[in-house]
Each structure stands twice: as structure tokens, then as C-alpha cells.
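See structure below.
Which chain is which? They are A, B and C, in the order written, and residues in each are numbered from 1.
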């Protein structure tokens, strides 16, 4: 099995397309970092308009931790599209090339190949996420320094002390890995259904965009199905950045407001992964390779 | 020993029956020519031999073992190219061989890979990306991939498709070399008899998914023999009479009529025998060679 | 006795000042006492040229979730005060810091009026109202609750021109002789806080705000508990 995974990773590594996503993420992040470096004060001033009326805030609001949070908020919606570019091409791309015939006539079962491909695609996804983490977190820290994380949410602000932030990012990135692996597995499922590259890629992207819209619209009709959409859960990495407060309205360091929500989301995402990958295996197993 | 043993396989795609109750055997050391028009079901059959397509019915055995149950272990002994030589454009020739060497159960050394590159004549282009290759070079690399793990059975689906005359000759020589020098069983398909007849020891002709003729090439292509097609008012009775006579040996297994492949001087005797058996003959048609016969079969839209 | 502020008040001739003048005439004897007490307080504060202290800051604003933070407080005469959170972001009531006791009293540009006695945390305190006589000052009226025996201010209630009303409550401990509190609580009014989800990119179901929370949503406090005072050991101007 490891042989197959290494073969699949080797193919991903050798493909020029692989690097598009890495380049795109780097470009996006650098542009945002540059923008915030130059004009960040007015951005944070705009966000804090309400608060500044009452409170005077001192310290580096616009530090590496907040920049990373802003970047994640902006990017984690779009990274799935980049993930789809590779994941949705894993099987159908080879069907399109005709190389599926070659790999499916080796002495390994289709299930083994599909699993190897999924592991390879997930590895790619996770590497992309690590690249994102490196740029969004560490490069931001390098450029903007660190301080407490001052988060402005819709209804309240959360001030997380500097020492209490890093582990939350670790948690958030692990969570994001699950979210993106769900996208990977959806791309994979689409990929197993088609014999061309474009269809599954566009299909996966459309599905994500469509479901994301359903997840974000506050329409009662959609609220019924929302808890079952994986896109609803994908954004819950943010839960790592909310604190519990005690009776004195004093935030408890090291606490997470709604850990059950995170757990629930992880379960839903994992079930989606199992469902999508399982379906892919079944489809590929039954499929006649006609390409 | 039968390297390939196909029993009554059929494949249905929707309403289309691509392969229809096909049976044949390939013996060890044979160069088995698999002939048929484009769309006759050759590729479907080959894909079923390689477990790329699941047969709707029937059974396939390779090296005496059922393919379905022993797929992985059997495929280790098979090398194949199927239709076009489709490869990864972003990998080099050598990288292809390394990659496919890796997914074989047996250990394949760098010198094995280099020897394979040598065998298919790609040594000097081994580090070039495949996207720069001509069709002929791709085809040779495809064969290289099929050979790199030294399989006992080599399945080549239309290996000369799109090749220039030199390329076609190269492939022919390679097939001969593999069979004679390395003792491999080669199963090669084509839609051109002329390509097959020079290398194949056995030939099977299919049309619309059905077997129309088969046997040893020497026998089928015997210049002394002629293809005879008889038309009668009562085919059933005719076949009954033929099967108990000596003419049964010449009978070609076809479902769309009664065909013989027999020495020309025997034709009057056949005629006489049928008349004596009270078979009302309508027509006895002779064809000059297997080539004629093949052309007739494959161009006939019956 | 400082009589000049009366004149100033009259020169600006605001209605408020006239009213104040009348009030002051009526209560002039009481005011003399009030001014004495304020003077006592000022003298006590004058003992301190500068200080630094560490403290634990607690922020209690309905829409802010913050944990306890360590702060360092720097003070230098006449009324320079800086509260710095150690390596972090600090949220302080706007203007609340500048309206410290020192900045109230150091200007001397006010009239003090006695306003009866009140029981506060078991102590009978003298209530004194300060009304600025200089329109340039950013506060409009301030009420002080002072213990006449110790000349310690336990509570101030100040209305500012621009930053609303602040209530500051103080507790005293080891450094009471300098008039330095061991704990100080800033109370202030807050505005509503709301950011559209299009900006925060939060689209999940809204967290229901509890009724209790909503009730006290308009009021916030910031509480600093001091320790490690270092008094009159010099503080660099660069701190402010």
C-alpha cells in the first residue's frame, strides 16, 4: 500500500498543476499581508469604530495572530476550490489521460489504488494547509509580531492572551484539515463518477459554492438542512477562538466556549469523509474502465 | 498448458452486446492473433482479460486460475498495452518505468529498467518528458511498461495503431523476439490480418462480438485451402449431415452460415456428398484466401 | 480659601454658573468645610511625586470576553497616569484614566460643595460635589465620597463632556497613608456593540444573548487590584 501511496505522491509532486494552489495561496496571503501592513490601521479602525467610542484600546491590535485569523477567515472559504483542483482530478484525470488502464492492470486491487489516491490527495491537502499555516501564521508573526488576540465577532469581542493563542491555532488547523479532507473526499467522489477532469473539478467547486451559500443564508427553510451540510461545519474552526466566561464575566484562560460544537462538527465531517470515500471505492470497484 | 482460457464470456453495454458468448484458449508460447474490425469487441475482450471490464457472464482463467478470484496474483504475470499508449506527459520515459516497476510485487532493479529501455530502443531518450515523444516512441514506452516486470503473458491491443511502416516492422520484430527468444506468450490484437499473419501462430477472428473463425495460422492461411460458403434451404439438416462426415474437420465455427476451409479439390466431393444426403443446395461460393474471407466477414453488415 | 473661581464663573456668565453662584452663596459656610476636606485630600495626594505599581486588571463589559490581565501603572505629578498591560492589549474606559483623582484636584479650578453624608460600605462618608470653574476642563461635574477621618476618597462619580459618565470606586490597604488605593473599579456606560456578519464573516447561528446579560449590557466595569507599589522612586517621562 505504501508503494502505491508513494507512486501517487510522486505523480502529484511531478505535476505542474500541483503548484498552482501553492502559488495562489502565497500570492493571496502576501497581497493581504502587504495591504494590512500598509493600511491596516484604517482597517482595524473601521472595525473598532463602536468600541473606540467607549474604550481606549492600547497594544498591537494588528499583530500576527489577528492577521492570521483574518487570513484564515478569508482563505478557508477558498482553499477548498484549490483542493478540488487536485482531488477532483485524481481518478477522472487518469481516466481522461488513459493511464487508469495502466494502474488498474497492476497487481493491486482497485480499492487499494483508490485508497492510495485518497491518502495522496489528503497528503497534498494537508501540505497545502501547512503551507497556508506557515504563510498565514508564521510569516504574519514575523512581519507583524505577536500580542494578545483581539477578535471582533458579530456580537462581542474576545481578548485572548498571547500565551493562550498558539494551541488554538494548532486546534484550528487540525480542524481545518478535517474540513479540507471532506472537500478532498467530495472531489474524489465526483472524480470517480467521470472520465474527464473538468466535470468533477467544476462539479466539486459548484457543490461547495452552492452548499456554502445554503449554509450562510439565514432562511428558516434552509435551517432545517443546515446541520447536515458539511459546509456548515467547515467554518467551525472559529470555535477554538471563543472563550468561556465565569459568573463574573471573566474569560477563562485555556477554555473553549463550545467544545461540543467542535466535536459535533468533527463527527459530521468525518462521517462525510467516510461516506464519500466509501462511495468512491464502491463506484470505482464496479466501474468498467472504458477510457 | 492454457495461459488464457475464456469460457463463453459476454459483455452487454445497455442494449449493445459488445461480446457475445466468446470462448477461446491460448496455449503457452503462442503468438495469438486476435483479429476483428474496429468495434468488433476486441478491446472489450482484452479489457475483460485484464479485469478492466467485468464480464456480464462467462468465465476467464489465466494460467489455469480464475481471474476474478486471483486477480492480483495473475496480473503480476501479465504485461499489457491497451489501445493508445496513454502515459503521463509530465514524466520521463525512465520515470514511467521506475513508477510501474515500483507497483510490481517482485523487485525490479535499475539495470532491469535500463535493459527494458534498451529493448524498446528508448535508451537515448530516457530522460526526456513523454510530452515530447512521437506516437511511435510512446507506443514503445508503453511496451516497455508492459515488459519491465518480465511477465509470462504479454497482451498487446492494436500495438501498431498509428505507427509508420518502420514502427510496424519494429513491433513485429519485437513480438517475434519475445516469443522465440524469451518464450513468452503474446496475445496481440489487430484489425489488419496482414500484420497478424506474419507473427501469429494462432488466429481468432471475431465480428460483432462473436467468434467467426479460428485456428492455427498455417492451417487457416494454407494457400491450398479455400474458404467455402454453402447456402441451403435447410441449414439444420445440412449441419447434421456435415457433422457426421469427414467434412466436419473443415467446418469453420460461424453462426451466420456454413463455412469451410478446405483443399480446393475436395469441393466437388463436398458438393456431391451434400446432394447425396438430400440437402437442397442453393449456392456454393468459394473464396480465395483467408484475407478475402476476413475482409468479407468484416465488411459484411449482416 | 480660594475665591477667584467665583469670578471666573461669572465672567463666562453661563446659566449654570449663575445658579452655581447662588448655591454657593447659600452654602458658603458648608463649602468652607468642603474645601478643607478637599485640601486634606490634595495634601495627601501631594505626598506622592510618582509611583509605579503592578496590578491585576479585570474587564467586565458585556460584549467583551477578556481574562484577568497583569497591568503596570505609572504615575507622575502633576497628573500623568499610564496603565499598561504587560505585553498585551489593554481596554480602558475612554478618558476614564485621565479623569483620575489627581487630574480632578490638581487643577484647583473648581468649587467644592458639601452634599451631605452617605453610608458607603459601612463607612459614613462626606459627599462633596466639584464643579469646574474652567470651561476648558473636560468634565462637567464630579461627586466625591470622602472619609473625613482619613481624607481618603472612596468613590467618585464624574460626568465628562465627551465620554459619558464614570464611576470610580476605590478600596484602600497598605498604602492608604499616601491616598493610594489597593483596588480601583472604573464603571462606565457602554454603547451597543454589533458588527455585521458580512464583515466578521460569521454566518453560524447567533449565540443567544441572555436576558441578564442584555440588561447590564449598557454598563461596564474595569477593576484593577494593585500590588507592589513603588512610591517616589522616580518614573521616567518616557513612560507616558
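Methods note: a contact is a pair of C-beta atoms (placed from the backbone, for glycine too) under 8 Å apart; a residue touches a chain by one contact, two chains touch by 3 or more.
Because the structure is a prediction, the values reported are computed rather than measured.
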Nearest-to-centre chain - CA centroid comparison: A
Most remote chain, CA-based centroid, reference being chain B: C
A-C or A-B, whichever has more C-beta pairs in contact: A-C
Averaged-CA centre spacing for the pair chain C and chain B, given as whole angstrom: 99
Geometric centre distance via CA averages, chain C-chain A, whole Å: 48
Computed distance of Cα centres, chain B from chain A, in Å: 51
Complex interface listing, chain A residues touching chain B: 3-4, 6-7, 10-11, 14-16, 97-99, 101-109, 286, 288-290
Residue numbers on chain B that touch chain A, as the complex places them: 13, 47, 50-54, 71-76, 78, 80, 82-84, 86-91, 95, 99-100, 102-105, 145
Touching residues on chain C, where the partner in the complex is chain A: 58-69, 84-85, 87-95, 97, 164, 188-197, 199-207, 209, 220
Footprint of chain C on chain A - complex, ascending: 47, 50-61, 73-74, 77, 147-148, 150, 152-162, 164, 215-216, 218, 223, 232, 235-236, 238, 242-243, 245, 248-253
